[in-house]
Amino acid sequence: MYTVRVRDHFMIAHSFRGEVFGPAQKLHGATYVVDVEFRSTALDDNGIVVDIGLATDTMHRILGELNFRNLDEEPSFKGRNTTTEVLARTVFDRMAAAISNGDLGAGGRSIESMRVTLNESHVASASYEGRL
Amino acid sequence: MYTVRVRDHFMIAHSFRGEVFGPAQKLHGATYVVDVEFRSTALDDNGIVVDIGLATDTMHRILGELNFRNLDEEPSFKGRNTTTEVLARTVFDRMAAAISNGDLGAGGRSIESMRVTLNESHVASASYEGRL
Amino acid sequence: MYTVRVRDHFMIAHSFRGEVFGPAQKLHGATYVVDVEFRSTALDDNGIVVDIGLATDTMHRILGELNFRNLDEEPSFKGRNTTTEVLARTVFDRMAAAISNGDLGAGGRSIESMRVTLNESHVASASYEGRL
Amino acid sequence: MYTVRVRDHFMIAHSFRGEVFGPAQKLHGATYVVDVEFRSTALDDNGIVVDIGLATDTMHRILGELNFRNLDEEPSFKGRNTTTEVLARTVFDRMAAAISNGDLGAGGRSIESMRVTLNESHVASASYEGRL
Amino acid sequence: MYTVRVRDHFMIAHSFRGEVFGPAQKLHGATYVVDVEFRSTALDDNGIVVDIGLATDTMHRILGELNFRNLDEEPSFKGRNTTTEVLARTVFDRMAAAISNGDLGAGGRSIESMRVTLNESHVASASYEGRL
Amino acid sequence: MYTVRVRDHFMIAHSFRGEVFGPAQKLHGATYVVDVEFRSTALDDNGIVVDIGLATDTMHRILGELNFRNLDEEPSFKGRNTTTEVLARTVFDRMAAAISNGDLGAGGRSIESMRVTLNESHVASASYEGRL
């Protein structure tokens, strides 16, 4: 199995509902350093899993839809906590939709699974991984 | 599959028995920077894998039982080499017991598997992973 | 010259005023991974620059006064942009006051200079350094 | 499952054929920081996955066969793009052959799978993993 | 003193002349992960050292003039070894010229000194720092 | 000013005397990931600060004199705490002596200052810097 990983980041404000979150129930924020891993059992004729230029641009566009926002005001997250886990799933789902849409080129369709990791500090991260 | 990862560290002295260890047969020591990954296929109603506050506190307590010790004198390791692999397994087993004991709350019981990684330097680490 | 460095982090929401900030004029947020460096030309009788336990606790308290806040609503920043540079200076000034106040013990008074670095992502940081 | 990871690096020149590579079609180069992970379900009597000294030396020898080369002129890569993915597979295959050859000692034969990751910058890497 | 640091990278081929370089006399290559630090004793009215958008874009343009090249064929390096030290100085000089040219805006003219660090692997780097 | 930095590590056991150290008064240990920075205002005719091969070998030999030891039993540290600060100074002094002895070649004599940093975990380090 081959894996290609690319990294980018976004910066948001949000708050959480639920006593389990303690002081994080107040409005605060985070930088998320994001790793997206694309996996495939075979390489194409060029010797790559995916066009890394298209993958990087698509990732930047998807993170750009979250970057510099207050997620408490984003309709797509209405009624849900935007935890690191939930945001990892969100980036996964949006990248999966982009791949399905052909944004990573014909080669993108050979990607079999992905793992999206959001690093929120030097001591914590959350990931979502799954098949496409 | 969702994963949440938290990081902490501990510092110990020990020595190894066996020619394979060369100069590490002498009393020396290590800093272990530890990553514990908790995995679950679903999030709870709060949108999290586990209460990260409880997870962090429990990890700190478990590492505290090893921190600032000479492992050669710890009864629980009597007759065994405390290699990075063995210590990764030890942290895994103790965290699994804590989860079973309810230390991570009711939500901790939905954790399906864990991976524990001990980074011993900038060029080496060992991990143990398994189902709960 | 000796330097001791300790690391911790805090997570905040804020927005900036000024066209130079582009989309960062909107409410967003950041994780700041903070390094505080304490510098002294001599070590004390114990062989240390400063009691690292007191230094770590004091740093955690100072960052705790910022952590999980919306800095746009903090009176101490009224009328100012809470840029990474300004926040580095803020942490520096508060740590300098704590040292002056004796929070790092008698040994803290031998600290001659400090450098405070706030890492805001994997590609950017800001620092403030100065004499005490 | 236990994993042991060791890190080393190599520095090469190469160029790629195919429009997908854009400016990387020109002769350029890369530093690859390499992580090799060795996996086994059980530890030997010493409490280790593998003799890390032999593993490190073998890895250094394998990377040494690539280090300080222009890969465009290496017969073993004739007619193929030496992408990060292809090089990860190359290191995997050569390490697998070394294990089969006994270079990691008798204990090396209990290694069940490996993962080889080549980090090409602070924002990109590629891996190949498989069973032995 | 305030410092702002931004990171980017470039990938090149080159060879060195001189017995001191051993096998690096052959054509090989490197990824350089570059940190540029801008220093100023005062912040502007926005609370910043420099417009980080302009700084990032200018850095990317300067590194782009080196990226994906065989430096042995670049006229600007004719007769010189493109060591990590020399390349750090090159990036420094080109950034200094850009600042002088107004590429970082009027605010860029208040930058008093810079440090440019090129990380060539996980175990080595070189820097050049100086006043403007 | 040019700086070249190289990294290596060593692993030791030790204990501290003094109430300020709390539980670290017991025998424990540490991995120290060491950065040595060599500084010079000018490059030699090869375009380098120092022969990095000789610098790396000399550093490895100096750290080898500490590696896999119980520092409590080393005569050279008798009656002193081997804190991270003290060990940074020790490495500095031994490297300075090696440079003076010609171990880094004739070029080593143009090194004007050094900084030695010992990273003891992901959250703490100590350095010693000075002129030669």
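Quick notes on this one:
Letters are used for the chains, namely A, B, C, D, E and F, taken in the order the chains are written, and counting of residues starts over at 1 for each.
As a convention for this text, a residue touches a chain if its C-beta (ideal position, glycine included) is under 8 Å from a C-beta of that chain, and two chains touch if they have at least 3 such contacts.
Everything numeric in this text was worked out from a predicted model, so none of it was measured.
Using the contact threshold fixed earlier, the set of chains in contact with both chain C and chain D is A, E. At the interface between chain C and chain E, under half of the residue numbers involved are used by both copies, so each side presents largely different positions. Per the C-alpha superposition, chain A sits rotated 120 degrees relative to chain B, a value rounded to a multiple of 5. Chain A and chain C have CA centres that are 30 Å apart. Between the Cα centres of chain A and chain F there is a gap of 41 Å. Between chain A and chain E, the centres computed from C-alpha atoms are 31 Å apart.
Residue positions of chain B touching 2 or more other chains: 7, 122-123.
Within the complex formed with chain F, the chain B residues making contact are 7, 9, 11-14, 23-24, 26-33, 67-70, 120-123. Here chain C touches chain F in the complex through residues 1-8, 43, 45-49, 51-53, going by the rule given at the top.
Residue ranges of chain C in contact with chain E, taken from their complex: 16, 18, 20-22, 80-86, 88-89, 117, 122-130.
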